[in-house]
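After the structure tokens below, expect a handful of questions from me.
Think of it as A, B, C and D in the order they're written, each chain with its own count starting at 1.
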């Protein structure tokens, strides 16, 4: 078994890993790198093409597969979940692997479809929806390729751990996850199947080590649910506006917002393009329990029109909208710039069911937005949120369950991944022998 | 109305405030200051007398009341709740106020009784148990003294906000609290009565400003409950020991530990003197729902005897014990020093349902203890906890509800209290006019 | 003596204090508040008028002097030094005090003149240059107004502590300073005179408490000088560009840059408008020892022209330029945006003799700029700097020397000023009696 | 060339590296690990034997050399400098390599001799003093072993970079260093020779990466010198005591303390065992310029006797003493515990020319000591110090000069070493190919 660590081993973003057994290669994820995307957006001389994305290092440098002679052996690209740092590069690079089928759960594939459509990509690869807790066997050059997709929990719908049961041993791809035994929507992780695989033997585990240096558990989604309930119960004023903003792909969170939002007796409006995109994707696959209880307004003109109503009857609506990072063009950004008919006033409520992503651009944008709104007298409730990556405790669990022979931490800088090596020491792994730090573009043989 | 800010206005600890209206003085709280206590314990030349406690500044400097000529006017000492930084100095200073009756809820008084008994104090003041959400009228020199005790939530049983409805206006004492609308034991704060008082008019509010600089909500006890449930579900090994440690006075937390602990099917043992003291106090007043489900072992000899059983049959028991701060002489401290028949082994579980109190002595003690246990291979789960002081959000709520004329932040250093002044600005208060920073030993007139 | 704390008591910026003795008022400083200025610049509907500066809270709210009936009693506005948070509001508010003469050292007045000229203000107040370590007596309604200007050290030229020897006692204004006993240009603070004043008795001290919470000494300018020498000795490459950037008003630093810069054998070019402004002001008053050793290029067209030479012969020049905070429109900003004929290349050197001012806008701007340049391979040397405000140690010294009766910390938020109250406790001051925290717009009587 | 990374690759401490070329092995350093030493001291059942040092992991695990069959091939143990994390384990492990000569500069060897004598070790290995900027050729099994010792700067006397010019290429060992071009005692680093070696080609560089994640230069010893001068000029009171404490092995710092101390006109007394040990070692090799200007008092009885004088005539002496980390048994520790005839009083001066080593035991000990002394009114000046490890800038320089083929960061945890990998990327190194992260006990082949 050879593993090429294409991307995501030195940064948070552009995750991509290729595994070769015999004459067959399976690729896991192909995501974007946000800082590169932002640089590209800032550069008026560039558009959203593969060439420019590569120039800004916004997508994984998968040209290495050409050098290795692996490209024409890629039989499948398996996408673990619907986040852009895992699926976002697929539209731009899949055509380099014409023989590869794209595999993902229904929600992941729905999001991929939306990306392809939005960017008007001429996408030719075969796409196939997989089920979680199911297996799939592809035809390979060196025999059948047995893939399995194990349900896990993270912070969007239908996340899986893809597993390749190969003739060279079992490859287990554990990006991204936070074990949540008490999810508020959907099922807990499939521990049973993981234990079976652990007993049968896992050769290599690639694992989300982003918070491997953090001892404290983040806690499951129930915590966010409780914080949300508290936030709603202390939102003031019958005649005051109530806005909530969160990650658009976080359907479970949106479900909780709707659950408690309903108690206000207000009509619930979802506003913003990306919210519409993800919620519709969830509904298309019948995974959006709150769909009929909300009204979705996606496009600028309608948004502006509706905000005129909100301005007049602010006590009548609960608005769930985009803009938790104060992103340019988001609903919150446009409102605070004065570009909509609605203006925040003293006493209005704004709940951020999110944390600030610690990149300078977000920090400064949110700082400005928060300051502006507080000066007006808007009541902000911030950090009504728990994130979706396991800490050291969760990593102990996966090691305990899977007992893999080899471990490769991923999903961060070397400094962020290094604590996973220390943790592995606790379990008897030896650095350089059974635990490994890889940079992007390496080949490891097992 | 004159207010003397005796203690707790420049540090976390030794809270004490006196209020004078006419010829009558009411004192609110009289607590200890932990760093002073530790210095005293470190000094072999000193014992636990009033004199030495004063020398180490471990109790409030209430001699100022003599200078002011207030001492013989003190009609009552009202204790807000059972924590030592609020009640701990009472046994040493109450005799200075022979005319004062000591008032507190049943749990608070039970804890005071235990302190008096432990230290063999010859305590002569009259003691009277009050009910929460009730009023009491004392006879005063300048007319009746109408006191009210409003139920609130914090991190021990039967916490109240004492209120004095005086001829000079209403004095509201809001130390310590975290508004928890969804407590897991007992009732939420009595908002209804607070709103009534707010409407009727509050002259002065003294308020717990410890976390006034922190925007993020700590979250209610449900959060800790959920974290605990997760921690128990990931405690490994049928044949492995499970120990849990938390604050002994936190009956609600102990109740949650028992609730999830029962699921392990193990016998639940409470170990340690202070645990016994608080749990028995809670049971005496019929506020300990789990009392019959646990066995309490308080004294060294019995503890050692029982730990011999645990050593042999570690899978049979769930031990709840003292030592979350690795305090000298606590159960965990003695075990890790090898002074008991029980030794931790690889794979045993230890859950800290607490955070490290950020004083150097605790930090270093816990650092040593944690390191030792991790080296053995004990699985520590730490910070399974939320603390009991409201953040900026909770303070916004109390201001919104009570709308007091004057605000005095307390329960921290000036730097910790200063953000409350900024927050008050949001509500239109003016520093030096309607919001006030006081050091210890000042008199403010309203 | 009555003191009105007009501005700078709740933030870093817009310093302004008025002192009234009898029927005479003296104002000390009138500066701008940078975040307000940035908001104003961001708002296309606003220009640089007094009205809009007030709307954005970018200048002190001195309208309070009208309310107090003090405005027509203002005899002088004394400016302590040339920084914009002390002098920047003078052009916009001085006309409200037609009877007030503006007093400042030659450098300060030269900078004020430049501001007035730049903004084309119709400035009518009388201006008078004062000398440091000198006195001046003005005619007042209630007798002569004896002012003294004591030389101190900070981070620009000719800084003074203004002192008013009034019939009500001595008022000492100690904003801003860092005692530097070994300055690399100019003289150390006039301790001798301060000691005399201390002995004679100081009634009130207003003091720069920005770093009162920091125990460690920042160190004098010699430290920066040494760091600069190291930075120059490790700038690589005879054929590579060398750029240095620092605070334009910091003439002592610029002198050190030139001193070590000369060793490179390159021609030294100063580039940028604000550099030209301050260096010319220094030269006009014969306080710019390096003036003949550098060439100053101020305006865009000439800058672009000259940068064409630098591009071709990058080993020939040492460029000292604006842009240490990556300010929009600065030389560094324009170069990195590609708006000049010069482009940074791998191996070029850029030395930041400055620290990042910790406001979000600077942090994000510098983050972007640094990242861009590092990606190209430019060798950045950052933080070759010591700042100009004394820490706790320096504050101990001033208290020890002056032994004032009353202390009022200034130049920060209440949280930043609060540690000065603790420090004053060490010296026996009592909060609320002899040490005072004031917000903006208060009147204190002594 | 094979390199065995024995110790110091996962922690700060117990540095030890073995290099094998042909049938010859050279070992570089053999130091102790302080946390292990402290654990050993805390454990009454253990003494200072090799066995117990190994049990507490306080010395490098060099038993691996037996497993590799390298032990009997060790021809030399080269010690880079006199710090205990480099030389401290030599007395306990050298006997395992009977054929190895111990090599070090005169100061290093003098310190080693003192260790051997103190611990009464029966030390049999041959010892040979080397000169810096010199070479030495040993007879090896596979030909002559050409060693070179290049002078560098750090924070003690006579530090070298040992280099092995082997038949397999040049091995360069760069632990520990901070390039100081302007030392205040001794010479700057031998850049000339380094550049020659760089040109001739370096195969492997092992490098002190402790601060590879820190961009800002620490600055050279001149900075500390300047800070010291400031500290002395602001030490108050002719009749007050002045104490200074610093690292005993830091002869350059001690020289600066004496230089400025003399200005006080006081008699300079050095107090404490370890101060005596290092100063005498320096003097024995004629590297102690201040020796005749100070009086050294080493032993408890004399110390107590002399402190009686200091107590009486506190204005007469300047005391330089041990205890900068508040170590148990140090002079400062004993004084503050009241175990000596001298007591600190209000107004006495204590200058810490050191920083707190960030281990919990030091932090808490210093916290207690500082608090005690401040409460008395002692004037503490802390952090009058710059440390002796280069930051990212210094590491850029060594890479630029030596241009080694392979880089192995050392002297920290993996997280502390990982930023060196990023830095190496800037220079075109590739992780896993030309830049390497090793844990303890690995063998790398080049």
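Definition applied: a residue touches a chain if its C-beta (ideal position, glycine included) is under 8 Å from a C-beta of that chain, and two chains touch if they have at least 3 such contacts.
Values in this document were obtained by computation on a predicted structure and should not be read as measured data.
Enquirer: With residue numbering as the guide, point to the option in B-C, C-D or B-D that repeats A-B in over half of the contact pairs.
Expert: Interface equivalent to A-B: C-D.
Enquirer: Tally the contacting C-beta pairs at the A-D interface and at the A-C interface, and name the larger one.
Expert: Counting C-beta pairs in contact for A-D and A-C gives the edge to A-D.
Enquirer: Could you grab the centroid distance between chain A and chain C? Build each centroid from C-alpha atoms only and quote it in angstrom.
Expert: Chain A and chain C have C-alpha centres separated by 47 Å.
Enquirer: Where the CA atoms of chain C average out and where those of chain D average out, how many Å apart are those spots?
Expert: Averaging C-alpha atoms per chain gives centres 41 Å apart.
Enquirer: Which residues belonging to chain A are in contact with no fewer than two other chains?
Expert: Within chain A, no residue contacts more than one other chain.
Enquirer: Quick one: which bits of chain D touch chain B in the complex? Just the residue numbers, please.
Expert: Residues in contact with chain B: 360-361, 363-364, 367-368.
Enquirer: Can you check the complex and tell me which residues of chain A touch chain B?
Expert: The contact residues of chain A facing chain B are 179, 181-182, 215-217, 219-220, 222-223, 226-227, 229-231, 233-234, 236, 374, 377, 379-384, 393, 396-397, 400, 426.
Enquirer: Which residues of chain A touch chain D in their complex?
Expert: Listed in rising order, the residues are 10, 213, 413-415, 418-419, 421-422, 430-432, 437-439, 442.
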